[in-house]
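Several structures are given next for inspection.
First chain A sits with chain B, and in the next complex the same chain sits with chain C.
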Partner chain A sequence: MPVGPVEQKKLNYQELRIYSDAELHNYTEEELKSFKVKHATPICDDYEKGPWPSFISDAKRAALHRHKLPKEKLMLSPDVIDDFLGQLELSYKEGEGHWKHGGIVGVFGYGGGVIGRYSDLQQEFPGIAHFHTVRVNQPGSKFYDTDFLRTICDLWEFRGSGLMNLHGSTGDLVLLGTTTDQLEPIFYELTHSMEQDLGGSGSNLRSPSCCIGRARCEWACYDTQDLCYQLTMNYQDELHRPAFPYKFKFKFDGCPTGCVASIARSDMSYIGTWRDNIRIDQKAVLAYVNNEIPRNGGALTGRDWGKFDIQKEIINLCPTECMFFDGKTLSINDKECNRCMHCIHAMPRALRPGVDTGLSVLFGAKAPILEGAQMATLTVPFMKIESPYDNVKELVEKVWEYWMEEGKNRERLGEMIQRIGIPTFIEAIGIRAIPQIVKEPRSNPYIFWKEEEVPGGWSRTIEEYRSRHKR
Partner chain B sequence: MSMSLEKLGLYNPDKPMENRITDIGPRHFYQYFPEVIKRNYGKWLYHEIIKPGVHVHVSESGEKCFTVRVGGSRFMSVEHVREICDIADKHCDGKVRFTTRNNIEFMVDDAAKVDALVTDLESRKHPGGSFKFPVGGTGFGVTNIVHTQGFIHCHTPATDASGMVKAVMDYLFDYFKTMTLPAKVRVSMACCLNMCGAVHCSDIALLGYHRKPPVIDHEVLQNLCEIPLAISACPTGAVSPAKTESGKKTVKIKNEKCMFCGNCYTMCQCLPLADAEGDGVTILVGGKISNRISEPKFSKVVIPFLPNEFPRFEQTCQAVAKIIEVYAKDANMYERLGDWAERIGWEKFFEKTGIEFSEKCIDDYRLSYDTFRTSTQFKFTEPAWEASRQAGGIE
Partner chain C sequence: MATTADLKKIILEFAESYKKSKFYFNDMVHEVQKTVPDAKQRDIKKASTELVNEGVLIFFSTGSTTMYGLKGRGITNDE
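And then the complex of A and B:
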């Protein structure tokens, strides 16, 4: 800390660009207003109304732009977006989607990063007959400069559909729709011209993602971007060449607020925390009490909630009842604090996390497929976090080693832990049982005692038993 | 040198390994930070929402970073991204960021630059009248809906994602522009149970769901699928091996055991579930991610099914709006939707929102016992009297 720049060629759009200014600005507002795609799309058109940004209006202007580009500056049909909207319209009309099931395509040497996609109406919509997805591993916290974005736009309009997701759920910048023959050229330009790699897909490490962290948040208890970047770089092989039982996700939240939802959707969830005391600025506390500062960073100023009441809003809502206010001074019994962050959220100018910070590690979150949704289980209460993060890497590798050995095909880490039991899992990764790992102790006594734990072991004879107990 | 205009670019298919670059990862984040962030990285003191959509972060150094947040469709074209770049070049020294919830954030280092930026953003509209860059999505309101691909690009959807989100956000637009709720309300949307978007811990989750068991493509199944994988994919053991009359290997499905998860279809393309009449929307509420006050929790099914009403999903929009409206009126300050429902009791949630509780809201999958009420601490609502009558307890 602080993180500095790394050696990397600065992208210069003016050097890399494919389209001239005239080509980029090739239609007028009037033309756009009267533009119609080649299929009738009345249901789609309804989505042009209403205040929220219309993805249909957006697709249409990209379609018009495409039509007016010179043919030699498009590797796919000029009608790609027309056909895309035509198929979408039909899907709305029929109430069923029209993409075929999967299809294995990719770039040489990688087992992930590209997802095959084909229309099941190739005659009707030839422009999207082959429409593969390319996942581009996003930079930390999704910050960009316009050189990067303009360059990828040119690349993607030239060699793909010009349609994308910013961003996919896992975090990647997703390029939607290209043909098989363009995959290698796209990968070549990404890696050579843009020094940018693909993200993960399939049974591998998915592109890790992190919250905004220290870039613009006062609560980040560790450097989420740097840890995310360094683990991503360290595990490139695991990210590109699927060798796991199923997908595996890392997500990095800087504090217990959880802005990237790591606790709900990552197999290995890193959540920042601290082990000393909440920092208190008593003057600022009084400023809140005197209504000089809006509560909760101004998040509820849209309604009149009355005057700030520290007893009602802070002290009484503290889940551990560890806070006290005597009219002048706020005190916290930090030993009893569970770091829920309510008081810090509610009085951000008065309270801050401690300075002895690190992270907690939780394992096993996933969406419902297959055994039902799971949230991650707290397993490592505290890890000090400093580059090059050898302690984290050691833990990661222990977990992977065990999961790759014991996990069944398509079994997420959380499901494996359920199947084998937490005691077996923590023993495998060398961590002792602690009360923090459960909400409450078990209420059934069905304990799997091990033979070596019972005096005399389990090998005994019926004869010996019968010598004491007649049949 | 510009990027190549050749059909295959500089890639040589005869020598795929020539000059190949691999395993270089994402570009490093630091170069994309606005200068004010580089200077104050790790030094932020506090933040404040000045008005809906506009944050200020204040550093130990005294410097300030003003962020203007705008809603975005996660699906966007190169034309839209180029317009984002025009704005970033004009106001923000060419830097911009996207959030986990598909919002776009423009940052400036001076209060004097905020108004021009906001005015510029709000002035940009599509020909159909929708805002390109609506400012909002901060504080205790409804921010952007995270969602999945739907009909845009997915092969297993039970509904569309972008369309439903557009319909719902149009309906909830005022909540995006204001901060009038007791706490933040996070709405998420996933178009099938795979939940690429992991919507299972949201205040309000909209989930596409199938209701018809797979239809079996017997004639080609043995050629296209690994039958043992298809069988083992089923969590309820409903899929078993079978033979067609002509002797081809295939599978059969015990329809009454099917819970429509679609996991078999993920493993075998000959078992599609999609069906216009069968497919629709399930609404779950009361989940959260944050550890604030209460622990993170799952969303719970309160409306088992609503039809796919393309394009406007009227019943879905009305149900979501009604839930938010009742919550907004009834909940305490800082109380998330799920915490409110727990405090008043779920029976009261159903009474107040007017949503009918059905047997489909009672868990009968694994671990369902955890959700049963094993106490006498309940409140009387109309369904309670009805059940009491049915049992002969009252007239």
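And then the complex of A and C:
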């Protein structure tokens, strides 16, 4: 069943707020200059001196702010961030971590979304004795309004450390540091007041994430937000109740530009593409050539980049050498185009993706643990899609069924594919091998046929053969 | 066909007697399928989810991976 479109609740910060404006703006820059956290932190202080924005400076700001909030409006110690920095300093000094990970903490009925974390120096740093992480499923394409952000910041200041990371590499908002007794109240507020769910962690489907897609981007070949939302809703059980061999990630890129880097970061990567031709506006091509339209949508700034040279900057850079320009007309041999997007990025008013759009599905990307980092492998070159996305769901379920059966404990899909080989994998999920999914010509000169691949199988009679081929 | 109640009983016996106090979902599936070969993963999951909701089984998560355990066996307190 397709879900929605669901009327999203519009949060009203003025109704949900915990702190007054005066409480939120409770220190001056002068005070900050002379502020010292509870522990001496010379190494951390040194890290503030570099050219980049420093999380240490942010943490100190947050520590001062916390100290000046009324105690009755803080469920955790006002010293949480001081202790956090104190332990960090010690770890830098000793070259050793002091966090204990994992455990049984969570919210009722969910097997993911909360990651237990404890200090192993609870006497020295009591404020971070418990310092659990809460993952919050980000809204589609990370669209927020300020009411949402201010509400969640107030909630986390009140029931957590106030420290957060926007966003984790899976996509979630990561709320860093709270105690076990605060987990259920936080979950209640998130779900009841904010209509926001926890994300995935552990051996679950992780929070699916998508690029901004059709909400803003003219290159989107399908509605990434809708597909992401539909699959998130459809696979709630997989998101919250862990039964996979290991983590599993979906990411949705609307085109091969890959703004959520699905090809590198997800077990099942969806990349928008087209199967007809790149649309060419020849007049606009000439306007680029004559420097009437700035290249790359005007993104090349900061110095004089010289006159646009279509031969040098476009034709010669096409990785498959499938573009030609005779001084008047641009032509593309679309059969050879591998959708690198370079020409479209450089001349967006002249070139656009085709109109017969859909997506490609790739499997098996992962970060290093075994065998090093791995990019996803193109497996379904083209798929037409449309809500309710039954063909996508069918593929997802085949893959899960096989991986749950065959995958070893803690084995990512990509590692399993490496172990069993692509031919076995595609056969298991019912996909025929086609040239587009072959990376290179085979280096093995032998072909091993299976019985079902040979007409007549192993049982054909020699007589029939001899009738055509004499001894 | 084994009922959810049957599956729960087998899971519980396994959780009580398994050599380690925490186990992966797959370990549980293989064990159940020894007794009930045609038990589907989906049904085993349904049974284990019920046991979790009843507070008999617990999830043990490292953040990257999740295991199951019997409440009261091994580490089952907060920390």
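Rule of thumb we're sticking to: the second predicted complex is superposed on the first by the 427 of 471 C-alpha atoms of A that agree within 3 Å, B and C clash if a C-alpha of one lies under 4 Å from a C-alpha of the other, contacts with A are read in each partner's own complex, and residues count from 1 in each chain.
Keep this in mind: a contact is a pair of C-beta atoms (placed from the backbone, for glycine too) under 8 Å apart; a residue touches a chain by one contact, two chains touch by 3 or more.
Quick caveat, the model's predicted, so the values are computed rather than measured.
Engineer: Identify the partner contact of A:Val260: answer first if only chain B is touched, second if only chain C is, both if each is, neither if none is.
Structural biologist: After superposing on A, A:Val260 lies in contact with chain B but is clear of chain C.
Engineer: Going by the contact rule set out at the top, does A:Gly97 touch chain B (first), chain C (second), both, or neither?
Structural biologist: first
Engineer: If you stack the two complexes on chain A, which partner ends up touching A:Phe244: first (chain B), second (chain C), both, or neither?
Structural biologist: second
Engineer: So which one touches more of the residues on chain A, chain B or chain C?
Structural biologist: Touching more of chain A: B.
Engineer: Touching A:Gly111 in the superposition: chain B (first), chain C (second), both, neither?
Structural biologist: The second partner, chain C, only.
Engineer: Considering only the touch criterion stated at the top, classify A:Ser203 as touching first (chain B), second (chain C), both, or neither.
Structural biologist: In the superposition, A:Ser203 touches chain C alone.
Engineer: Quick check on the superposed pair: does A:Thr180 touch chain B, chain C, both, or neither? Answer first, second, both or neither.
Structural biologist: Touch status of A:Thr180: second partner only.
Engineer: Return the residues of chain A at which the contacts from chain B and from chain C coincide.
Structural biologist: 100-102, 108-109, 133, 237, 409-410
Engineer: Which positions of chain C touch chain A when the two form their complex?
Structural biologist: For chain C paired with chain A, touching residues are 24-27, 41, 45, 48-49, 52-53, 58-66, 69, 75-79.
Engineer: What residues of chain A sit close enough to touch chain C in their complex?
Structural biologist: Per the stated touch rule, the residues are 100-106, 108-109, 111-112, 114-116, 118, 130, 133, 180, 201-204, 237, 241-247, 401, 404-405, 407-410.
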